[in-house]
C-alpha cells in the first residue's frame, strides 16, 4: 500500500517536474512582457527534437544538448525579433495570438523538416530504476527535478539580485517608465525570449529520454506548463515549481486512486477551486494599483 | 485522356497524423507509379487530397468539397473512424464509392451501400490477442487503452469480445495520447489481485512509454499490444523493455521473414521496399491500408471497365481473393471489409526484432 | 443613417445575393460554416471584445449544445427543437452557476479558469462513451421542426443566415444601448463603472451566459447540419479558434467578428493548396495579420481610413 | 555665453493624424531652469515625451549638447543624461519602493548609488519608511515623490519635470521647489512643466508659454509673471 | 447626509485611516485636507464602497453604507472622481460621460438587445446632456474625440463630467484641480460652486488651499490617518497644528 502511494507520488513528481520546467519558461516571458507565450511548448519540442536527431546523426550527447539549446534559443530570438518586436505596443491579446501563430509556424516547420516520427534520447544516467521502499524511480527523473530546482534558484537570484533582472520586471509592469529610466526594453524582451526558449529546450531535452519526443509534443507540454504557471501564480518561479509538482501529483493520484479516464480533468477541478479562493494563484502577487 | 480523380481526406496532421501521414505518402507514391505504367483504363490518375487535421468536422467539409466541387470518381480516406463516420452519410447521399482506412466495426456493420474499408477491425485485433491469451491459459487480463479514437474503439471491442474467449477484464485503465508517464496506471494494474496479463491498446509513443514504465516497475506479466504499434519505431523507442511483447499485426513488419510460400510475401515486400526508397522512411502498416484501398479501387475500376460510380461499387463488392498488404480481400454484399481473422499475424519481439509466431 | 445600420444592411444584402455565387454544395457548405462561426464569434465578442473578459472555454458550451441535441434526439427520441432548447437552457444554467466565481478572476487567470472549464467539459464528452460515442463520435439525426426537416445546403443556408442576422442585429443594438456602454466601461475601467452604478458582476455574468447560449445554440445547429459529432468540437483548440476569430477580426467590432470568422473558416480551405505547409502558412498569416493589423482586421483598417491616433 | 544643452528646432509631432506640436523652437542653456507653461492639451507633455524619445518627432530636430538626438532610442538619451519625471507618476507598481529607486539608477555603473539612495531617503523620509512596500500602495502624493526621487537617482544632466508638484501637499510643494532650486544650484539643467505657473516662473531663468502646440511667448521667468496675457490665462488674475 | 463614525482601515500593518468621525450636512461643501498619505483617498474609497472598513460605521442618508458595493451606493446617490484617473480608454469621450448616466437609463441587457422603444430616445437625450456637461466642465472641444486622445488635465475634467452625469446627491471629488493652472483652477472652483448651488452635497480632497478656503463650508484635516482638526476655513487656517503639519508658513 505504502509502496503504491509512493509510486504514485514518484510518478507525480516526475511528471510534475517536467511541468514545472515548462512553467518556468512561461513565467519568465510573462515577467518580462505580461504575455502568455503559447509558443513556449514549441521551444520544448525544438530542444528535444534537435537533441534526439543530432544524437541519431552521431553527435555526442553533450554536444548535441548544447547545440539543441542553441537552436531553440535562436528560434526564441527570431520569434521575438520578427514577430513580437514589430507588434510593438499592441495589446496583450494581440501578442498572445501572435505567439499562437508563432507556435503553429514552428510546429509546422518541424513537421516539414524534422518529420512526424517519434524519437528517443538515451537516458543520461542509465535505465536502471532506483528502488525506494518498493517504489521505483528512474534516474532521469532526478535529473529533471535537480535541473528544475537549479533553474528556479538561478532565476530567483536573477530577478531578486541583479539590476538586469529588475529591469526585466520593470519592463513588464510599465514599459514607458522603463524606457524613461534607460532600460532597453527591446533588448529585455529579446533576452526574455532567448532565455525562456533555452530553458524550454533544456526541459525538452531532459524529458526526452522518458517521454520520447516528436514534432507535436509542444502542444501538451505548453498547455500543462501554462496551467502549472497559472496555478502557482504567474511570474513566480517558486510558484511554477509548486504549480508543476501539484499538477503532476494530482494527475498521478487521480489516475491511481480515482479514475485514469478523468486524470486530466481533475487538476482543472482543483485549479478552479484554488482560483476561487486565491485569484492570483498560489504565489502570485496581488495587483497593487490604486484608484 | 481525362484523368480519373481519386479523392482523399486524411488526417495528415493532428493527433492521428501517425496514421494519416504514411497513408498520404502511400497514395501519392502509387498514383505516381500507376501513372508511370499507363494509368488505369488508359487514363491517368489524379489524387485530390485534403488534410482534416484529425477533426471529423473538417473531414465532413472536405468530403463535401471532393464530391461537390472536385467531382471525384472515388474517395479513399477517413483516417479515423470519426472522420469516416462523418463522411459516410455524404457518400451515401451522393452515391460515390468510398473506402475507409479506419478500424471501427461500425463502419461496415451494418454494411452501407457505398462504404468499404481495408483495415482489420479493432475487434479482430482484440480477438486475435485474446485467442493467443486463451491458448497460453491467461484469463484475467488488465486493459490499458489510449484515450483516442483508436484506443477507445479498441477498448470497446475488447470488452465486447472478451467473454467469447473466456477472458475477464480485471482492470480498465486509460491514458492520454500524449501522456508522459503511465506508472500510476500500471501500479494500479499491478495491484489487482490475480491479474495474469496486460493488454495495451494505443498508437505511437504512448505504448512505448507504457512498455518502458512496465519494465521500470518490474512487472513480470505478459504484455500484449495492439496492431497500433506494429512498426519498427516501437522497438526502437521502447528498446530492451519491448522484449517479449506480443501483438497482432498485418504481414508488413515481417515481410522479410514470411515463408516464400506465403501469398502475401511479394505484395508486402514490394510495398515495403518501394516506400522505403521513395520516402526514406520506415514503411508503416497504416500506409499499407491506403495501398490496399487504392489497389482495391483501381482493381474494381478495371473490372468494371469504367469509372461509372455504380459499376465500380458493384465491382468492388464483388472483389474476391485480392491479395494486398492486409491480407486477402473477399468482399460481399454483407461484408464490406472482406478480411478474415487469419489476416492478422501474431508477432513477438525477440532480440529487438519481430518474430512470427506459430 | 447610423454607420452600424448601414453596415447591417450591407451585410444583409451580401448574404442575400451570395447564393448567386454559390454554384455548388461545397460553396454553400463553406458559407454555412462561416455563418455558424460568425454567429458564435459575434456572441463571444460581446464577452471578450466589449466586456474585456477572455474565455478559452467556449467550445465547451458549443459542445453542450451539440451533444445535447445529438444525444437527446437520437438516444431519447426528443424533437430536435426541444433538444436544442434543453441544450441552451443547460448551457445557461451551467454558465450562470460558474460565472460568478470565474468572472471574479482577471486576465490570464480568467483565461486559465475558462480553459479549465472547457477541458473538463470536453473530458466528459470523451469519456462518457456510452452517451457520446467517445472519441469516435456519434451520428446526429436531421433537424426537424413540426414535422418539417431541414435538408440540403440551401435550406440550411437560409436558416443559419437568418440566425446570423438576428444575432448581429441584437449585438449591434446592445452595444449602442446603455447596457452595451456599461459592458465597455467594465472593460475600460471597472472601478469607474461600478462607481457609476454598473453592477459589474451581474453584467459580466449575463453577457457570459448570453455568449455561452449563442455558442450552445450554434452547437446544436452544427450537430444537425453536419450530422456527425466528435469530441473535438468541445475541445481546447476549437475554443482557441473561436477566440482567434474574435481577435483577428477585431475586438469590440461586431462586423470584425464576422470577418474574422469568414477568414478563419476560409483559410484552411485555401491553404490546402500548400501541401504539408498548411500549418506553417496558417501560422505566418496569423502572425502577420496581427503584426500589421494589431487591433484586428476591421478596426485597424477603419482607423487607417479615419486617421485616428494610436 | 553658456553652452546650449538642449536645442529644439521646428519640432513637430503627431498622434496618428492629430498634430500635437506645430514647430516648437526652444533653447535651454547649461545650468538654466526653464519653465514651460500652457493650458490643458497645449502639448507640454508631448514636448517632454518627444525630448525623451518615447514619442516620435515627425519633423524638426532635437539637439542635446550639440548632438542630434532626434532619432535616438530612449535609453540612449537616458544614458546621455536626460531623465524625466513623467506625467501621471508611472511608478513600477508591484515593485518595492527601493527597487523603484534603484531602477532610477539603472544606467549608472558607479559606486555612489547607495549614497544617492540615502540622499533621496533624506529628502523624502516617507519613502524610507515604506522602502520595502510595493510602490502601487503609496498615496498619490507619495508616488509623486517617488517619481521625482527615481529621476534624481539617474543623476541627470538635464532633468525634465512634468508637473512635479501635482497632488502634493502645500508643505511638500515648497519642498519640491526647494529641491529644484538646490538642483539648479548644483548645476543641473532643468526643464520644468508646471501648472503652478506662479511658482515656476518665479524661479525660472527663462519661461516659455505654449498654446496648442505653438510657443507663443518666451522671456525671463519673473518678467513673464507680469505679462498681462500670462496673468490672465495662467495665473488666474 | 453623510455621517462617518469611528472609521478605521488598515492594510497589513499600515493604518491608513484611524478612528475618524465626521458629519457632512446636506447642501454644503466639505473639504478633506491633509499631508500626502494622510488617508484622504482611502477615506473616499471607504465611503464609496471600494474598500470595506476594518471597523467603524458609515451612514448615508441615515442608512448604513459601510461595506456596501459601489454600484449600490451609486444607486443611492453617490458619485465620485478619482485621484488616479479611471477613464475608459476604449471608449469615446462622450460615451465616458454617458456611462455616468447609466442608472438613469434602461440598463437591461434584453432591452438593449431588442432595442425596446423608448430606449433610443432616452439615449439620444442622454447624449445631448453629456455634451452639455462636457461643455460645462470645459472639455467641449473633445466632443467627438476618443478618450485616448485627451490630455491629462482634460481627462480629469472628463471624470467630473461623468460624475455629474449621474445627477448625484453626494459628489466626492478627489483632487479636482490637480494638473490645472491657476486660471483653470478658478474655473473649476466656479464650477463646483455652481454644482453645490444646485443642491448637490460636495466632499472634496484638494491640495490647492486657495480653492479649498474659498469653497469650503467645513474642513476636515487628516494626518497619519487620524483627524487632526475640523472646522470652518477660517478656523483651520489659524490652527497651529494644521499649519505645522500641512499648510506651512506661506499659506
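Per-chain numbering from 1; labels A, B, C, D and E assigned in written order.
The definition used in the following text is that contacts are C-beta pairs under 8 Å (C-beta built on N, C-alpha and C of every residue); 3 or more make two chains touch, one makes a residue touch a chain.
Note that the coordinates shown come from a computational prediction; the quantities given were computed from them, not determined experimentally.
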Reference subunit D; chain at largest CA-centroid distance: B
Chain pair, A-E or A-B, that carries the greater number of C-beta contacts: A-B
Mean-CA-position distance for subunit D and subunit A (Å): 42
Geometric centre distance via CA averages, subunit D-subunit B, whole Å: 73
Distance from subunit D to subunit C - Cα centre to Cα centre, in angstrom: 49
Between subunit E and subunit D, distance of the C-alpha-averaged centres to the nearest whole Å: 29
Per-residue overlap in subunit C, given as positions that touch at least 2 other chains: 127, 191, 276, 278-279, 308-310
Residues of subunit B whose C-beta touches two or more other chains: 13, 147, 174
Contacts with two or more other chains, residues of subunit A listed in rising order: 111, 261, 264, 287, 289-291
Partner subunit A, residues of subunit C touching it in the complex: 48, 54, 98, 101-102, 104-109, 111-113, 115-117, 119-120, 123-124, 127, 191, 236, 240, 243-244, 247-248, 251, 276-288, 290-291, 294-296, 310
Partner subunit E, residues of subunit A touching it in the complex: 289-291
Subunit A partner contacts - residues on subunit B that touch it in the complex: 13, 15, 17-18, 21, 147, 173-176, 178, 180-181, 183-185, 187-188, 191, 204-205, 208-209, 212, 216-218, 233, 236-237, 239-240, 281
Subunit A contact footprint on subunit E (complex, rising order): 41, 45, 50, 82-84, 86
Parts of subunit C lying in touch with subunit B, wherever the complex brings them together: 24-27, 29-30, 33, 126-127, 129, 134-137, 139, 222, 226-230, 232-233, 268-269, 272, 276, 278-279
